[in-house]
Each structure stands twice: as structure tokens, then as C-alpha cells.
Amino acid sequence: MHFRKTLFLISILFVVELAAGQSRKIINVPDILGYQTLKCDFHMHTVFSDGTVWPTIRVEEAWREGLDAISITDHIEYRPHSKDIISGHNRSFEIAEPKAENLNVLLIQAAEITRGMPPGHLNALFIRNANLLDREDVNDALKEAREQGAFILWNHPGWKSQQPDTTLWWEEHSELLKNDLLHGIEVFNSRSYYPEALDWANEKKLTMFCNTDVHGPIGMSFELENSHRPMTLVFAKSRTLGGIKEALFNRRTAVYFDNTLMGEPDFLEPLFFASLEYGDSPLRLKNEETKYVQIKNNSDIDYELEMVQPGIGFDCQESVLLKAHHITTIELNGNSDEVIGMKELNVYYRVKNMFVSSEENLVVTFSFRNY
Amino acid sequence: MHFRKTLFLISILFVVELAAGQSRKIINVPDILGYQTLKCDFHMHTVFSDGTVWPTIRVEEAWREGLDAISITDHIEYRPHSKDIISGHNRSFEIAEPKAENLNVLLIQAAEITRGMPPGHLNALFIRNANLLDREDVNDALKEAREQGAFILWNHPGWKSQQPDTTLWWEEHSELLKNDLLHGIEVFNSRSYYPEALDWANEKKLTMFCNTDVHGPIGMSFELENSHRPMTLVFAKSRTLGGIKEALFNRRTAVYFDNTLMGEPDFLEPLFFASLEYGDSPLRLKNEETKYVQIKNNSDIDYELEMVQPGIGFDCQESVLLKAHHITTIELNGNSDEVIGMKELNVYYRVKNMFVSSEENLVVTFSFRNY
Amino acid sequence: MHFRKTLFLISILFVVELAAGQSRKIINVPDILGYQTLKCDFHMHTVFSDGTVWPTIRVEEAWREGLDAISITDHIEYRPHSKDIISGHNRSFEIAEPKAENLNVLLIQAAEITRGMPPGHLNALFIRNANLLDREDVNDALKEAREQGAFILWNHPGWKSQQPDTTLWWEEHSELLKNDLLHGIEVFNSRSYYPEALDWANEKKLTMFCNTDVHGPIGMSFELENSHRPMTLVFAKSRTLGGIKEALFNRRTAVYFDNTLMGEPDFLEPLFFASLEYGDSPLRLKNEETKYVQIKNNSDIDYELEMVQPGIGFDCQESVLLKAHHITTIELNGNSDEVIGMKELNVYYRVKNMFVSSEENLVVTFSFRNY
Amino acid sequence: MHFRKTLFLISILFVVELAAGQSRKIINVPDILGYQTLKCDFHMHTVFSDGTVWPTIRVEEAWREGLDAISITDHIEYRPHSKDIISGHNRSFEIAEPKAENLNVLLIQAAEITRGMPPGHLNALFIRNANLLDREDVNDALKEAREQGAFILWNHPGWKSQQPDTTLWWEEHSELLKNDLLHGIEVFNSRSYYPEALDWANEKKLTMFCNTDVHGPIGMSFELENSHRPMTLVFAKSRTLGGIKEALFNRRTAVYFDNTLMGEPDFLEPLFFASLEYGDSPLRLKNEETKYVQIKNNSDIDYELEMVQPGIGFDCQESVLLKAHHITTIELNGNSDEVIGMKELNVYYRVKNMFVSSEENLVVTFSFRNY
């Protein structure tokens, strides 16, 4: 029969190009405190909701861009392509999973519960069956997710379409929080930063997220050539689904977009110092002398430093740019005889691109041995 | 009823981002001979065959990358996503068309007739109903396309999966040509150049094509930041579907990939000179003197010149790079008294990145006025 | 004699590479109001004062970077290399001049009169003999310059080494101004912007400057690959020394650094609109309809627009980026029936990267024909 | 006295910007065989011969570009700026030395002995007094250098100005070699590669060099933004002048320009493998199965591999690009039952951008554990 012959011919003609000729970026953000720093994106769409790419593309994009883990979060309630695409809510995960296994990208099953405000849009991560989340009452949907063991986060809390004037925390969110139906919040989504969310995460003990919410091909929304897609850094005990879940429930994350990092000082400070290398031989700085310290920044982050207060007995540059993958010279100028008596020379800098709250930068102290 | 309320909420929540915040590249390749030089791609896929993007993405990509016209050529015979995606062969065109109209990208209805070798894969452009091309016999399919007015081209003639050892022209292709069922050929497809196809196009009077055959997001296959996707240049009387069709049937195209152009000298030579600007005041070069000509290259193409033969009475640089969007200096050194007698100084260069056949570059003559 | 033979051999060995294999950038900033927009840098140093390059390098750098005119302004009073380099104050000009002629870069003879504050450092442009400026009293030096026909500008008025706390206008500067010994001021120098200088230029009718004050190779101080060196735009009647002098004395300049322009609205507004192209066929916008205008930006400047006030009967994007050498879509949405009655649709944008004073941006009005 | 007051004012006005706000690139080429891989340039000029920059610039450029060591090699016999610059042949070294010390760049005292062919131009490295090399007879100059302990190399042996048609080895060079007056040769100079020199270095046991011979600012001659200046890799026991001298006399160098490396296989092979990281858990590949190996390339070099011969019992990609600072997947496809019996899977690749002679690439063998 002719049809079968055609099919056969085709099967040998279309050899799948499994990531051949492609390569994966390396994201240089260091491990800290004994944890692995995993690079993750927990919010994205495919043609199975209102996205415009096939699910395997999400895995390939993640592999190329150097991510460790992703979740595809197609909307339960909004599927504009349903005239052409017929399938249940688990289908995008099923299609993406074999590719994720091949490329060793961790794929977390998930869905976006999509409602008006309150409570807005919420991602349920680590679910087992998305079809069961298709419920009329949003609380029923969230409870079902929770029974499946889900971690639940509030997406783009200050999205202008839902909160046009002020970014408000609603009574309903307090309820969810109380009932263990809300665990995290997006501080950054796509191209928008929500300062209120950063402060709520600190006050209400929510886990911070930074996700792309990408609908089209990632390269159409983000400049990838000389930058990186927004991502949630997860400080995990292991590079496994379980490792990520444990870290999320224990709030060990940070926000990373453009050249900016946000999070708790307990994570940002070790991240800063683990990025850097410099010698520790004593400087032996004297009055009216100058000494140089060469600091190597092994990370992808340009750290922008501004002096908080001068050292005792010496001056230092007001502002320093520790450029990524470069060595930068810090110059110490002795300006009083006091300096000879100092065992350590402490320099206090504000890191202008690291935020611990909506209004505060991380402050770091370099301690250079003097004698 | 709750369901309607949900739908209503959603309809106001999801404001479509119609190309907002996006911008379109300008491809600088000049018009020639009274024709408009249209930038086109006549071969690409979507989720409706074995591609991985939604049809609207092909239009958005084309708009951003500065193309004038595209055709989506989903396979008739190969639809690996048919378990999830149910729809006829015209559906990808229908979905893409409104977006194309909004963005003023010309969209040509088309399909890929997909068979073993011979005759391999063929694109039928300017069809009206792709469903009618779904025929057991390839000749029936091509005849149907032709009856719809199609322009038919042979895709990737040297594709290794079909012609592993040598790129052959088959008896069947001569038949197609004789029967007006073959009008063009891909000289370049995706990342592969087929030198045989360039020579066949010249000998057998086929129209030359350079297409991407893109299956995934365009940015995953091609470096777009500092380069451009492969494209067919069409020299058309007007920027309309009819204008393109007329130009294709009259073989007014050129091949443009990386920094390379291929085509007939009748098109490449005017393209070269229309890219450049330089003064024409007389040089008045004498023996043992040096004069400079500053040449401005307004195109995106770096022209790489190598001298073919020296001028009479003067020397010139052996090799010159006329860098895109830069001014380059050509230096003429008088080396005999003969030079004073020359009305024009002719310099003969081979353009190393312009090909008129698989073995010949375009040769150009600069004539600088001398007196 | 052996020595002569060696010399002879050398003279044929060292063929000078006169800008061969090099190319000149094109700076795309449009001409306006019938003037040529010349790209100029009026402040730079060589080994003949405290710079670190040979004078010819300044000309080559200018040619490559697309400048029309420069002046080398070696310090009269500060020559730290004088142990090794012996020559008068005109020497750097003499050495650079033949190269400038060859490459068609306009070279203005100049010098920097270098004193403590007040009056600080002043450049004298269009002088004829720098040696005569070597005078004990700064007023004598400036008067001598003026007698030679000089245009005099105050350099880096807010330089921290001279004005550490506040950028002050001194009594002495009022004196100079009154005595026709001060005509211009640097609003931008090297990497520093002096907002006070921008306002003084407006109030006191001084000519605005933006200069590099470069001491080392230009590429060590400025990122040239994807950006441009700071420059003064001069709106001149002709591309000649005289044309520049006339324009400077008549205050027809603008400041251009990074992606920022500063100057009088009389120049910035035409510069903005001369950069753009868009059709003027009537939009015929109705209530609840959307129309698109595609705006082509032919300049090197990314214009960053922010809406000042909404149009009558329609909405428009709050913020628009008119990316350099791209086409950007502006979207107009009819929101009341009033729109049908409008002959023109006026959109008011603030150009966030164009400054007319230290506190005000240029405001522009797009008038799109409606019927 | 007024003059002294002026001088005093100036001394506080001109605070030297000692590499402040600047940063140093990191060149990622690994150490091998217990040696440090030092990045060096042994050929460059300043205003003290026919260069166009001040000597300190050579040190700053080297520091920024990540070099470990340089030598300034001003011509003894050719000083075109001597009308303005008066000083002995050691002066450029004296001026550069303090800056080199501050920035921790190793500075080797040197000079270029500059004659017609034969013997052409020769660099004498590690000299102590350049003035003594100013001798009429070239042999006297070289003997003097040798008595000072110099290492001597032949520069640009195929320079067209001296060897216009063929690159010849002259009788005189054999003499120099015999008399211990020639130890190395430039295989690459500025933008030119001399294949004969690579083969001579192998045959005659000369040390290979790759130098810039830079005359102007380095950024005017080489694209530094996304590439690197040409350099000689020196495999040294220590990062000291003595360490370099020992390595040069023992021929432990390699040539590195653009994306190309040249040298002895004893150095290139360890350099290749020290650049890479990949797991060594057994693949357990079976017939008709596919396994992936992810290879991380930590170096700045894109390695371009082409298969030399297929493995036993499996297929592998014909060509692989191991992109710098990326992870690339190699795919192994079992194609016979033989594969189960293999303890190791050996893949043989030619490294197309590593040369061991003018006609041979380095060939490498990947041995992946199978069981």
C-alpha cells in the first residue's frame, strides 16, 4: 500500500537533531553555604495554553540557557488554541518530559490557576495531575493542588491588568497564607519588579521568585546574547526535584534579573564573597603610601560598590565596579599614622545592585590584613 | 453562571501585546534596476507539521528581522503532532494571516510536498487550497498545485538524508521541468550550500532560492544579533504578492546568507555599485604621487575585494575590505609617467563574497576619473 | 659608508601604512535647518603635554571614529615629559597637520591654558601661535589668544580637583565674560556631566561643549565598539575651519554623549524629527479601533519617549523606545467617538534622553493626519 | 616667584589615575604539565622608535588584556621621532618599569636589531644595556646582546618588504644558529602567519613566537572586545623573568592568535584536554541505542573537531564545535553488537584549529569508559 511506503520513507528521512550542534551556556553564580545554587524558572507557557511554542522548546531553551530546573505552568482556565489543540492539562508535561530526561534538565509538573483579583494567578508546583485542578471554586482548586503536595506561589502580584493603581495585599491572601495555600510570591515577573512583593516576602515569610512567564520563544522576549533570562536562584541540598522542593518550602531562594540580585542578606552576602578571589598577604600600609589589592570576580555579575564609610587611617575609592570575569584593582591610600596600628583594614561598601529590601542594599565589609 | 464570569474576567485580563515594545530591523541591501529588492523566506514550518512554533510566530519573526514576505510551507505528508493538533492543511495560513496583515508582512499560501528521492521535497507557492495537494501520486499533487497557479521549487537538493554521496539531478526532475512542474531550486537551505544547484539554476534557467527551512524559533537556529537569517532577495516591480510571483517566474532573485551573495552578474553587479558612494572629481594622479578615494558602503554587506590585474600607470591595494556602513580608503600610487595620459583609472577587483557560479566570483571595475 | 647603507635599506623597508586596511565609522546624526551637523572634539592631549600618544594618533582616531573636526589642546604650563621631549608649543599641531590633510579631518590649532581655580583650565581654539600664550598672568595669556582670534571655553567647570564641593561660577568668570575672554563651556568632559554648566550656558549665552579630554589612546577610555566617543555637534554653514568658527561664536552646538543629547530646543527638536521617517496617509481612526504607525529611526540614537498627556479621543502607549536603525510601531486606540472629528491626532511625548536644561527634557508633538 | 607657584598648583591638580576604574581581562588558557601557562608578547614599539604611544601605555595595555609579560623592543637603528625625542636606547624600558612593577606585569628589557635581509630584524630579549647594541656590524650587535645573556629571535621572517616572493632561510641564519646567536623565530607577527617558520621551528629546534609588533595603540590594530591580541604562550616553572627565560631557551612555547593554536603536540594535546571537563561514569552503550556525553569547555578557545575515523561498534558526529565556556553534547549511537564488548569507546578527532606543523592538525582521542 502506497501510504505505508510513504510513511516508511519519511521515518528514515527525518533524523531528529537531538541538540546536535548546540551548546549550553554556563551561568557563573557560585554555590554557597554547602548548598548548590540551582538556576530555575518556575513560570512559562506553551501552545497548550496561551503560549506559542511546543513544550519541548521550553526544555531546549532551558538547556541552552544553562538552567537546572523549570516548570511549565499552562493555564487551567485559559486555552485560546483549544479549537486546534485538544488534550488534557497534563499533556504539555508529558510531551516535554522525555526531552528533559535526555538533556538532564529537571522538569517540575505544574499549572497556573488563573483567576481575577483576588486572589489573581497562582502557580501550583510539584502537582501530580493537573486535570483535577480544573474546579469552579478557586479554593477547591488550591486545596486539590495542596493535597497533591503542591508548593503554591502568587504570580505577578502587581500586574497592572489586575491591580492598576496600587499593589495591594488582599484579605483573601491572608486567608490563603493561614490555610497553608500560599508559600511564595513573584518579586519579579517577565520585565516587572514588584517592590511590595520583596517586602511582603520578608515580613510574611514567603519564598521569593523571579520567573519569566514566557509565552513566545524566549529569545523574542529577552536579550540572551550578552545577558541572561530572569531566574530564581535556589540553594538546594541536591540537584533533584526533592532538593528543589525542600529548598522552596524552606525559603532558600534569591531573585536574579539583569545585573540585579535580591534576597535575604544571609544568602546575598555569601554569594558576593564566593564570587571573589583576592590574596591575603598583609598590606603593611603606611601613612602617605599607596597599596593595591587585585580582586578577581569569577561570577557573571558586575558588582557596583559605593563606599559607606571611610576606613581608619586610610582612604579608598568612593566607587568601584568589580566587573564580571575581570580583575579590578582597589587602591588604599594611607592618610594618617593611625594606619600602622591597624591589624586589619576594613572597607565598608554598599552593593548597589544587591537588594535585601525594597529600600536597602546589601552592605559588605572587606577586611584586608595589614600586619 | 460561573463559567461565563470566568471567561469574561479573562477576556479583560489578557490584553494582547501586539508587537508593542518591539522593533523591526532594517536590512540594508539596495534596490536595483528600477526594482524593489524584497527580502523573503519561502520555506518554514509550524506546529501544524513538524515545526515547534505557532504560525503567528513566523510572522512576528519575519517582521522583526526585516523581511518583506514569507511563506509557511508545512508538510502535507508529515504531521507528527497530529495526536494533539487536529486541523486541515490550510490552518497554519489562516491563523497567521491576520497578524501578517497587521504587521504588513506579505504572506504567501504554500505547502511542502514531501517525498523520497526522486523527486524529494518540493514547495508549492501561491496555492489556494493545500488540502487538495494531499494525493498519493506526487505528480497528481504537483499538477493540482500547478492548476492552482503554483510556483514550484525543489528544496535542499543535496540533502544528505536523500542524496548521501553525490548531489544528483534525476531523470524525474527533467520530466518535471519539461512539464512546467518545476521552476526553482534552493541553492542554500538552512546552513547548507549546494554548489550544484547554483550551476543548475544557471544552466536550466531555474530561479535561485535561499531559505531557512526553520522548524523551531528562528533565534535557536540562526545568530541574529550581529548577522541575519538566510534569505532570498527578490527584485520585484512592486511590494505585493503579484509582484513577487511575477519576479519568481522571471528568475529575478539572488541568494543571501552570512556575508555571501550568489546570483546572476546582471543583478549582483548593480547590487554592488548601488551599495557604494564615492566622489567623481578627477584625481589628477601623477607618477610617484599617491591619491586617496574614500568609498562609503551603505549596505550591510562587507565586500571583500582582491585585485584581478593592476591598472595602467599606477598601483593599488592588492586586497580591500569595504566594511559595511563604513568609509574605506583606496590608495592609488602612480608608478609610471603613462598615468598622466589616462583619462580614467580602471581598477579590476574580484569580489570574493559574491558568486556568479560555483567556481566564479563577480568581477567589478572601478573607473575613477583622472582628468 | 655603512651607516648610509643601513639608512637606505631602512627607508625602503618601512613603507608607511597610511590608513590602509582601516575604515571610518559613519555617525548617523542628521543635518538640520540647512546646516551641516559636524561631529567635533575640541579637547585632547598628546605626548607633547601630559598625554600618552603621538599627535598623528589623534587624527587617525578621529578619522576612524567618524569625526569631522578636532583640536589638540596640549597644556601650555604642564609638560611632564619635557625631560625626553623637547619642542615648542606648536609642535603637536605641526606633526598632526599633514595627516589631517590626507584624511580630510579638520584640525584646529589650539592650546589649554592651565591654571588653578579661578579661572581653572581654558581652551583657546583657532590660535596661530601657541608659544605666545606662555605668560605668567592668565589674563595676559587669554588676551594674547583673543588677539590671535581665539574662541575661549572653560573646561570641566565642576572638576572635583578644583571644585571639590560645589560647582561655583566665580567673579573672575564674570570678568572674563564681560571682557570677551570667555565664549563657551564644557557641559560634559570625559565621563562627567556638569548640570550647572548646562544652565549657565542657557542663561549666560555661552556655547555648549562636550569633549573627551582624552590623554591616552581613545579606546582605553571609551567603549567604541557599540557606542561612540563624547562629542560636540556643531551646526555649521560649511565643513570648513571658518564654518566651525562662525558656528561656535553663534552658539550653534549640542552635547552628545552615550545615548544623551543636550542643547537648545531650537536644535534638539529638528534633530529629533530629522532622525525619523513615517508615512502621512490619514489614519481614519474610529472609536474602539486600533491603528498602527510604523516609525523608522535612521539615526544612531535610541529615542526614549514617555507620554506627557493623552490624545483627544484615543489612547497611545505610555512609553515607546524608538530604537536606532529600527522601525517601531506606535499603536493608537480610539476610545471615544470624539476621535472621528479630529483632523489631526496629536501625541505629546517627553524625550527622556534629550535635555534642554538640567531639569527639563525636550517635549515633542507627533501630529498624525486622521482625515 | 610666580613660576613655582604655578608648578605647585599643578602638582595638586593632576592626581594620577593609576589604573583606577579599569579592569583586567582574564585569559582562560589552562596550565599544563606542572607549568604555568604565561601569556606574553615579546615585540612592540613606542615613541622612542617608530611607535606612537608612550612606554607606560604598553604596560597598561598588557595589564588590561591579561598578559603576564611583555618586552618593549624599540629599534636601535630606526628612530624617526628623534627630532623631538632625545634619549638613549634604554629610556623606554626605564619609563615603563615602575608602572610594570605597580601592575605586576613582568617587563623584559629588549631591543630590535634592525637590518636588511639577511639577516633581517632580530629581537634581543633579556639584555641589560641597549645602548651597547648600537654597532655597525650586525654580528657585533648580536654578539654584544649574547654577551649580555640575550635570547635572540628572528622577527617576521616572511615579511613581504624583505622577502617579497618566497620566504627563504639564508646561509646567514644557519651561521647565526651555529654560533648560538639565534634561538627563536616568529611564526606569527601582527596579522601574518609564516608557515615556513612553523616547520623551521620544528626542524631546527627554534622556539616559536607569536607577537603583535604593535606600533600604535593596541586597540587600533586588533579587535579586543570579543577576541584577544596575538600572544606567545610560555610554559614556565614560575611567573618570573627567570622562569620565562628558562622556558624560552628550552623551547616551551606555543603560538596563539585568533582562535588558532600552533605548537608541538607535547604541549597542544595537554592544553586541549586541560581545557575540558566531562564525567567518566560508564556509558553502557548497546547496539541501536544512543548515549550523550556533555563536555564542558572552560577555556576561551572554540575547539573545532572533525572525525578522523569512526569508532568500533558505534557512530559519532562527523564534526563537533566545543564552544568556549559552553557545554556541548557528543552523541554516541551504537551500530553493532560489537559495542557491548568494548571496555572503552575511542573517538578520534582532528582539531582543525590546532596545528603541529604547516600541514598537520593535532589529532586527539577521547576514551569514554563503556563498562
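All chains are identified by letter, namely A, B, C and D, in their written order; residue positions are counted from 1 within each chain.
In this text, contacts are C-beta pairs under 8 Å (C-beta built on N, C-alpha and C of every residue); 3 or more make two chains touch, one makes a residue touch a chain.
Remember, it's a predicted structure, so these values are computed and weren't measured experimentally.
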{"item": "Selected pair, greater C-beta contact count between A-B and B-C", "value": "A-B"}
{"item": "Selected pair, out of A-D, A-B or B-C, that shares over half of its residue contact pairs with C-D", "value": "A-B"}
{"item": "Separation of mean Cα positions, subunit B and subunit A [Å, integer]", "value": "40"}
{"item": "Residue list for subunit A, restricted to those that touch at least two other chains", "value": "22"}
{"item": "In the complex with subunit C, residue positions of subunit B that touch it", "value": "18-26, 102-104, 290, 292, 294, 296, 317, 321-323, 325-329, 331"}
{"item": "Touch list for subunit D against partner subunit C, complex", "value": "2-3, 6, 9-10, 12-15, 47, 50-54, 56-57, 60-61, 64, 77-78, 81, 84-87, 91, 95, 114-116, 136-137, 161-162, 216-220, 224-225"}
